């Protein structure tokens, strides 16, 4: 059944992006941190997974490290390394807000991209790693595997949602929202802004890394070209459109973005015109963001007012 | 407040229904028609698009030829195409769409890197894959039942380039500038192996990355030791930039390109018509004297305007897939895969078109397809040996044939 | 060896000239409107592509094409400001930044839509490098770029010092409230600044097209480097920008003598990060 297969594949992708959206929303929506380098952690997750699970280098391979471990270790490793890098980057940069944090994160993502392309001993350069193993591939039949994978990603999404939602509703969530609104007041009440931001940053980066690993399983490869800066903007778009600081909103935003992307794919045009479709997609995404931000500055789904007893 | 929320909820619901409707109608449409579907994952944009588009048109020519004699097993052939954007990630997405949504039973056309990326997925879904411009040496020993290519491996190209540089042009000392990419690295490797074997000396061996604003340092490094020639194995963007900067810097020496550039308008425009005189390049070639090629050439010149790199190979890829289905008597990927060698390798009556092949098959004869690109006899890994030709740009940036190397004219020692 | 250093130094100055054109507008709009326009880089792409269209498509002379493109881009920048940015001011800085991101993405898509995803080239004649003895310097057209950079600097300097608008700009730049009290027409200044941002951005883009190719992403790739220059100078000081542009240009083109050339843009980012960590206000902070 072609339709079901396609739907399963789309749902898997949406779930992966949804995890990223939720995580990003925690940084941007709840804590007010404008991270323009999200794609870097996505890439770190993907590449860590690849390096941990791919076979050791053979004759003719430019890379030096391939550990051939199981995909589960790959997933865990991706999450850990991603969080760790967030910690390293966060140390010097989280004291900045607004403009400067945005610029630093953007710069970091750009530098990472150059590392991915140039440091062939680690990343195998522009060729990247392919033929990656997915979790559970050996257990399931070739035809059934996509269903399992979809199940896996949706499970991941539900897990991420539950965890992040809980965080948002907890006192911790209140604190970070306080910091977002007025950090001077928050300071005066004794909150250690830096520590809160760091916790959010590391915590959400773990999920972004996880999403990155899942994405590399989905595509069965990693190459530098998969991680362009525009990916960050897509996630930002989704979160802004769907609803700042609203978890359901983040997921909604992702679905809307993906909807438009797929809609364009279905419009049957001559293959040579289809080339322009991705440009049209980019224009729609950008315009959508601008328009929604103008008329619904908090996104489609408003932030939930949490009632404290 | 609530009213706005409701309106949006309604809009959301409507859009979801719309999307569902689109999907269902696409699916229903698929079930209705009796057509046979092949897929094309081709570089319509991106680094290899200069030739990708015209080679794809050649594939469409093949589809037209097939349908003009009633199609495969009496059913029309439809070619669904997706742009690989010369990018592995896009290529895989394209393959997924073609196989899962469009239900294509065979796929042709990806470039080396994309082909390697898609191989496993296609095999899992029992969809044979035929490359027409995928020369990477990495594919030399991993093909089999589901992966083929009608174009020869870059390891053969390396032989040709090395022999040409050393013997024809008399260049005993060269430098290499190679783009860090699957296909280009493999061409350089092929060259390096042979060139050193036959006594040449490599002065500098430089690797460059795509997307840089300037390649001056690399050019300088390559020309530092004053080689008589430089092998430049890179895509059209990087090659164009390097050639322009090389001219500007005024270095002496001969530049030899691999198979990634040709005299397509896109490349000539990018590099500058006036900058290309005396630059050499390689093409996977067909023997210009063979009849199947002549016929194809005529058709291509009339309908497309030129014979692009990979065009005859694309034409043959589609035709062979179609013949395999015809011979199998059923239109499934597995059946095609099982009959690929049956229709294109000896023994059998030599045929050079779908029409011919179909009539012989219907009479119960075995056939051996010899196409526009060459004999198309697949070995156990799905490879074919091939012919190459070296061209040089003249002052009008048109490529002139310098030397043709028939299949097997250079042996790998 | 010395020859190589000399040549790369000259390249660095060329890069610096282009960066001056690209960064001035970015900083000026930030000074005046209080947010960083992340989409500023797109003016470069628009300027370059418009020039391509006029020059290669409509066969105007290169000079005419460039002038038209600069004017058009300036107008486009102004219109975008009025339609998209102005209404967003009441929402604060972050929505403005996010709007600029969305707008940048939209413009990038538009450039790719009209220009196609493949690279283009102006295909100007290639001039050989001018040699002094054994040393290669630059080719004629590259020297012109340096000239344009210098001319631009002189114009901006004269403008800031000697014209009413320029003085008004300096006033607003250093103390906005006081300037308003003194009766400076903010609206007019605003419009002018955006025109200027579009124009200089277009110039930078055209120069980029002269030294390299036109790609739809050329705007985004320059945005980072522009931000580096701005951060290095300390977001406000116009003269600081001029100097910082050349510093960044030189570091990029001399740095690749030591590091692999693939890292050339990364050097700019590294500068930025280092500056932010050590002296976040920039080296020319007031």
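Note that the chains take the letters A, B and C in the order they are written out, and that residue 1 is the start of every chain.
Rule of thumb we're sticking to: contacts are C-beta pairs under 8 Å (C-beta built on N, C-alpha and C of every residue); 3 or more make two chains touch, one makes a residue touch a chain.
Bear in mind that the values here come from a model prediction, so they are computed numbers and not experimental data.
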| item | value |
| --- | --- |
| Chain pair that, of all pairs, has the most C-beta pairs in contact | A-C |
| Identity of the chain that, by mean CA position, is farthest from chain B | C |
| Distance from chain C to chain A - Cα centre to Cα centre, in angstrom | 31 |
| Centre-to-centre distance between chain C and chain B (centres being mean Cα positions), rounded to whole Å | 40 |
| Cα-centroid distance, chain A relative to chain B, in whole angstrom | 34 |
| Multi-partner residues of chain A (each touching 2 or more other chains) | 117-118, 275 |
| Where chain C touches two or more other chains, by residue | 116-117, 262, 265 |
| Multi-chain contact sites of chain B, meaning residues that touch two or more partners | 45, 209 |
| Chain C to chain B touching residues, read off their complex | 4, 11, 116-121, 123, 125-129, 131, 136, 139, 211-213, 256-257, 261-262, 264-265 |
| Parts of chain A lying in touch with chain B, wherever the complex brings them together | 2-3, 5-7, 9, 60, 117-118, 120, 125-128, 130-131, 142, 219-221, 223, 225-226, 252, 259, 262-263, 265-266, 271-272, 274-275, 300 |
| Footprint of chain C on chain B - complex, ascending | 45-46, 49, 85, 208-209, 212-218, 220, 237, 240-241, 244, 247-250, 266, 269-275 |
| Residues of chain C defined as touching chain A within the complex | 35-36, 38, 84, 87-88, 91, 93-95, 97-99, 101-110, 112-113, 116-117, 216, 220, 224, 227-228, 231, 235, 260, 262-263, 265-266, 269-270, 272-273, 276-277, 280 |
| Complex contact set, residues of chain A against chain C | 32, 34, 36, 92-93, 96, 98-100, 102-104, 106-108, 110-111, 114, 117-118, 229-230, 233, 236-237, 240, 275-276, 278-290, 293-294, 297 |
